[in-house]
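After this come two complexes, each holding subunit A, first together with subunit B and then together with subunit C.
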Partner chain A sequence: MEKKSYISTAQIVLVLFITRLLFSSTYMSVLKTGNYIQDTLFSIPIIFIVNFITAIPLLMLLKRHPGHNPVECTMKIAGKGVGSIVAVFYYLFFLLNAAVVTGNYENYFSATMIPDVNSFLVGFIVLIVCLYGVLKGIETIARFGSIVAIIYMITLIIIFISLEPMMDLDTLKPVFYTGTSYLMSSSIMNYNLSIQILAFAFLAPYMRQGGSLGKAYAGWNLLTSIILFMLMFYIVTVTGSFGAEQMYPLQTLATLTKISSFERLDAIHMVSWILNTIITITLYIYLAISCLLKTGLNKHRRVLALVSGVAVFFVATFLSRNFNFLQVVIDSGEFSIAITFFIIIIPLIVLMADVIKGRVMQDAKNE
Partner chain B sequence: MQKTSKKTAKKIIALIACMLILPIVLTGCMPYEELKSESIVEGMGIDYGDNGYNITFQIYNPKSGGGGGGGDNGKNSTSSTVTILQCSGASLFDAVRNATLQNGRKLYFSNTRAYVVGEEVCKENFNKVLDFMERNQQIRPSDHIYIAKGKAADVMLYQKDGEIVPAVNLQLMSENNVQTSKVEEVQLFDIFKNTATGCTDSTISAIAIKEENNGEKTLEMDGSAVLHNNHFAGYLDDKETRGCLWIKSKAQGGVLILNLPEGGTASMEIIKSSSKVSFSGDEKTPAVTVDISFHTNLVELQSQENYTIDGSFLSNLKKIQEDTVKAEAQAAIDKALKDYDSDVFGFGVKIFQNRPDIWHKIGSEWNQNAKNTKVEIKVDSIISHIGLTNQTA
Partner chain C sequence: MSDSSTKGIIKYFKSKFAAIGSSGNNKPEAGCTPEYTMLKKSLISNMTYINGKFDGCSDFVSKELITCGRKAVIMEIDNMIDKLQLTQGVLAPLADAKPPVSLTDDDAVFNWLRDNTFTFVDQKEAFSYEETIGFLMAGFAVLLIEGIDKAIAFGLQGFKFRGIDEPNTDKSLRGSREGFVEPLRLNMMLVRRRVKNPNLKFEIYNLGSESRTDVCVAYIKGTVAESVLNEVRHRLRTIDLDTLLASGYIQAFFQDDPFSIFSTVGTTERPDAFCGKLSEGRVGIIVDNTPITLTMPFLFVENFQNMDDYAVGPYYATFTRILKYLSFFTSVLIPGLYVAIGSFHQALLPSQLLYALAQSEEATPFTLVFEALFMQVIYEMVREAGLRLPKQIGFAINIVGALIIGQAAVSAGLIGAPMVIVVAITATTSLITPTLYEPGVVMRFMFIVLAGMAGILGLTLGVAFCVYYLCSLKSYEVPYTAPISPFNGYAWRDVVIRLPWKILAKRKIAAQDLPGSNVDKTIG
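Take a look at the complex of A and B:
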């Protein structure tokens, strides 16, 4: 059984920040914004506020039961049976997200690096590395994530500074000329990408004593929103409507980056992106396994990791060969429903049950 | 004791498993490409052929004097550092793959300096060429593109004495455009961006092979080609190209030769310039105002007259240079916008950005009606320095 580890608030914020940046712009071409790409910028402030609202049930639940994740809270409130069912749901949800990330990684690898390579081989190799990280534990994941966050920030700073002369602020006009349709669709897309709200809840028990849940969450939300906004700002002002049809707009920005005689710095973006992919897949699989460990499988951690890795591998291979599905899944309303169910509805039901149970017990005590 | 031996056995099994699996992941940097299995393309020339496209590649030859290509039916020639490879195909990608029939190595495009498109290809449909370049992951948006006056193959086959890689020469000629501002540095990214707007046409630097008086041929940048709806529309000469650059805020260097009213010429070095385009009409008579401002230095005064460079001289000079720049910009507008119907200046995008309500009414027919736009040019300049003397030599 894994020894209980603790990580700092800053590490949690950095790990969640970096995993949120992974698909910051990859799905933009699905929105088909064309000359109205600037409308998508305003989805970032909206999501900043929405993230606070959607996290309320989770944060309240965690505050009532400090040191426990949502599965443990459910087991405590509703019993082990219901808790186990919830654990399985969360396990599958995290695994699906890990598979989507892996599938996208396989696609990105063959689209931008070596088209001849078998995509499943790419996924296989990266999953071996990720499973190793899963077995090492949350401290290793958090430390690695912090380092990756620093590397990613340095990469972004280089890109931002070198592309500043190419910015054309006129591309920010006109705003909302066709209404709010592009704003809504990009907001939905960003909402679908906010798995980190749930990941935060599962990482909360590992927070060192003295750390504030609310401050940590606010810190993550603010940092992520600022960097996402800057990324989108550069995509809009540098590439304009050309960026709206690009599969990987950030990759395009990196390709245009030039510092003195050093040009085509997309290689440094690729390095950061691949490291980011590894940490994201590792984190999702780790959190998936941590759900099932609470159901009594804590002695089978390694077997669980292996089974989860195999499942992610097969689902990711299927997804990477169904490119339409991979693109649409994040943009779809069905995925929004799934996100809402896992992030809001389940914690809300558990929270309400806890409040009612508390009142009933209080009344019984008073009597 | 038994527990210890079990633990040791497990460790040994785990170690053996790692030793079997690790070589798979320790294969080195994944995106590496072996040089000996790839041919580095420095330049690519695209022309039409009987079977679709005729492509001429300049392939870097690492061994000086060695041959990089070969083939029974290949049209190959080898200079000291580049190998020329010519092949054909029904599409661009087909032609690229057919190159391996002669070369034996896959072509590697990540280091390509110049893409030269023949005039005939541009007349048909430039979009088809663009799609290959936009979709390919090796081709960078920051690569340069040119139009050959004639055949792209002639440009690719031309080698200047002492030039190591001819395509590098093209790239340098383009990047040093700031010395004259008669040449526009055009990257693939500029074309992609203009095409994505749906209403902006592009200009592309034109290359020509000219014959000198002594019979020698020389390669030079010769104005720019104008596209309209991704079809070749015509050429702009040097002055018209610079006029285009004034309007696009890209004239950041070069020389203005001003004819002085009392005889002689003044050479003004362009230091920097900027322009602002604003829309001022309505949907029936769209009107655009272009405000150009620039700074110059007086670098040469050639005249028999003995001028003293004082306030009145400078204000006259300022007026003359503003009129000159206005004439260049007007010539560019007359040629590109009025004659070729090409909105290479981005006026349509400006209308869209500033008056989307008017764009909503005129945007669908902008490609046909752009020439009806009234353009007013206003020029303002500053003469920053006059050199070390205020008299004519």
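Take a look at the complex of A and C:
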């Protein structure tokens, strides 16, 4: 069994921040905003507020049971049987998200970088590295994530600075010309991408003593929203409606980047993007395994990692060959329901059960 | 047959029966105290035993003499002691020794001799054969007297040793020019001169069942963490070696992962650097007959620190620090990056540069990855040849190697000129951080292969793997990548940048205080 590890609040914030940024711009083409991409900018402040609201049940549950993740809380409140079922659900959910990220990554490479290479080979190689990180534990993942976050931020700064002369603020107008439909769809898309709220809950038990859950969450939400807004701002002002059609608009931005005689710095972006992909997949697989470990499988960590890696590989290969399906899934309302179920409904039910149980026990004590 | 002889026979057979089945376990547990055989009052018995032990040792010298009306023997290992001091300080006083007439008892005469005749500070008594032989091996002269079951050992070490000179591996422009030498006691003196504090402790251990090498554990009480110190002691006691000839023999025993390509145990040949590490709460190990000392815990950022950084101004120190970091990443990544960009991502290069590179590589028959691997192997061969040969020949080999690699290969069209430049840059930058040379070579080859297979994707995956590996390493429960990750802003005053001494001196950060450390913070 892995020795109990602790990571700092800053590490948690950085890891979740960097994993949130990964595919934020990828699904914009699904929205088909055309000339009205600027409407999507306003979804960032909306999602900033929505993130606080959706996290309330989880944060309250974690506050009532410090040092426990949602699966452990469920086991404590509702028993090991129910807790195990919830653990399996969360395991599958994290694995699905890992497969989505991997599938997107495979498609990115076969579509943009190296078309001759089979996509599954690309995914296979990256999964090997990710599984290595999973087996090394959460401390290693957190440290790696901090380093990747710095690298990614430096890359973004280089891109932002070099593209500043190419910004056209006229692309910000007009706003809401066709109503709020694009605003709503982009808000739903961003909501569907906020898996990190759940990841935060599962990383909370690893937080060093003295760290504040609320402050950490607020820090992550604020940092992510600011950087996301800047990212979207540049996509809108530099690429405009062209960026709205791009599958990977951030890659397009990097392609336009120029420093002195060096053009097309998309290779630099690719490096930080690959690292980001690795940390994201690693984190999701690790969190998935950590759910099942609580059901009594803590001696089979390596086997679980291998099985999970294989499952992610096959699902990702399927998704990468059905890329439209992959994109629609993220943008769809059905996925929103799934997100709501895992982030809000399950924790809310567990929280209510805990409150009721507490009151019943209190009444019994008073009697 | 008398009872005593019967008992003796029974005892003999009992000991023989007890020895059956335990023949494989005769080796004493590493680090445990061996059994001692006490000296006897009979000088002949003592000398018979000792001469038997040193049978065949032509450097074992003994001289019989008469002192205080008794036979005595002085023993020493040839060329280990100062013969002048022996003559003047021991033999002459012994010859003139006249104990008071009232002292007739052997022990009383011995005590009088010990306390009144000799004026050495380093004078010890030995009570067993093992101690006596140990003192002889350590360069002591040992005196045995008839009727006395103990010996006096005189610290008269006068063996020749290499003079204290500037260390070869870690030169300094403005720092001390003294480096560690082979004798342990001299090295301890070099450390003591720099830390004139009774809290600086030296613990001596004896390792190696054959070599019986002295190993010293040094630490500053009040600064070191007790858990780290105890862990070092524990690991020292569990080392089971026959011979210990260099500190590198035991270095792996102190690493948390003996297969790690990055060393989590530091080495230094400089007493000032050694003392600096001790003052930061680290534990140091000095091995007799080795000028290279060990320090632990050891972190990744320490590979980029040296004494000159603290002797020059902060701006230049920061500049050199940044230069070292850049050099390391350049030496490790440049060959792979060149292969990746040249093979898969040509669009990244400006068109003029691209044309120049394409022109030079077009004429060569090999792929970039093969050229890179070939050149790196040739360079390593030339470097090894230059290291092992005498200086004059080694210098010539380096020149010839450079000519072969540089001029001839390019002229013959085997290798492109840009590849030679890449190798030259790699070679130069890799020597700026010598402690990272070995892992750098391993990583360089790995990155070249990965870049040749998958371009920047392969290179990035290799980098990710290496960073994961680095992040997973710990040195005595301190994260190897601290304070980079986990990040500590205050500790960064001496990482990439080096703040002025007025700020550095404000608060010391010990190794166990770094973020992510799981060291028990109880101070030793």
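Going forward, the second predicted complex is superposed on the first by the 367 of 367 C-alpha atoms of A that agree within 3 Å, B and C clash if a C-alpha of one lies under 4 Å from a C-alpha of the other, contacts with A are read in each partner's own complex, and residues count from 1 in each chain.
In this text, a residue touches a chain if its C-beta (ideal position, glycine included) is under 8 Å from a C-beta of that chain, and two chains touch if they have at least 3 such contacts.
In this text, all values refer to a predicted model and were calculated from it rather than measured experimentally.
Participant: Classify the contacts of A:147 with the two partner chains as first (subunit B alone), second (subunit C alone), both, or neither.
Facilitator: Only subunit C; A:147 stays clear of subunit B.
Participant: Looking at the overlay, does A:245 come into contact with subunit B only (first), subunit C only (second), both, or neither?
Facilitator: first
Participant: If you stack the two complexes on chain A, which partner ends up touching A:176: first (subunit B), second (subunit C), both, or neither?
Facilitator: neither
Participant: Applying the document's definition of touch, where does A:129 land relative to subunit B and subunit C: first, second, both, or neither?
Facilitator: Both: A:129 reaches subunit B and subunit C.
Participant: For A:139, select first, second, both or neither according to whether it touches subunit B, subunit C, the two together, or no partner.
Facilitator: In the superposition, A:139 touches subunit C alone.
Participant: With both complexes overlaid on chain A, does A:271 touch subunit B (first), subunit C (second), both or neither?
Facilitator: A:271 sits against subunit C, while subunit B stays out of touch.
Participant: Where does A:8 make contact in the superposed view: on subunit B (first), on subunit C (second), on both, or on neither?
Facilitator: The second partner, subunit C, only.
Participant: Can you list the residues of subunit A that meet both subunit B and subunit C?
Facilitator: On subunit A, the residues that contact subunit B in one structure and subunit C in the other are 109, 113-114, 117, 125, 129, 263-264, 270.
Participant: Can you name the residues of subunit B that touch subunit A in the complex?
Facilitator: 21, 24-25, 30-31, 110, 137, 140-142, 189, 192-193, 195-198, 349-350, 352-354, 356
Participant: Which residues of subunit A touch subunit B in their complex?
Facilitator: On the subunit A side, the touching residues are 34-35, 109, 111-115, 117, 125, 128-129, 170-171, 173-174, 177, 239-242, 244-245, 252, 255-256, 258, 263-264, 270.
Participant: For a test of understanding, state which residues of subunit C touch subunit A in their complex under the given definition.
Facilitator: Residues 341, 344-345, 347-350, 352-353, 454-461, 463-465, 467-468, 471-472, 479, 481, 484-487, 515-516.
Participant: Please name which positions on subunit A make contact with subunit C in the complex.
Facilitator: My answer: residues 7-8, 10-11, 109, 113-114, 117, 122, 125-126, 129, 132-133, 136-137, 139-140, 142-144, 146-147, 261-265, 267, 270-271, 274-275, 278.
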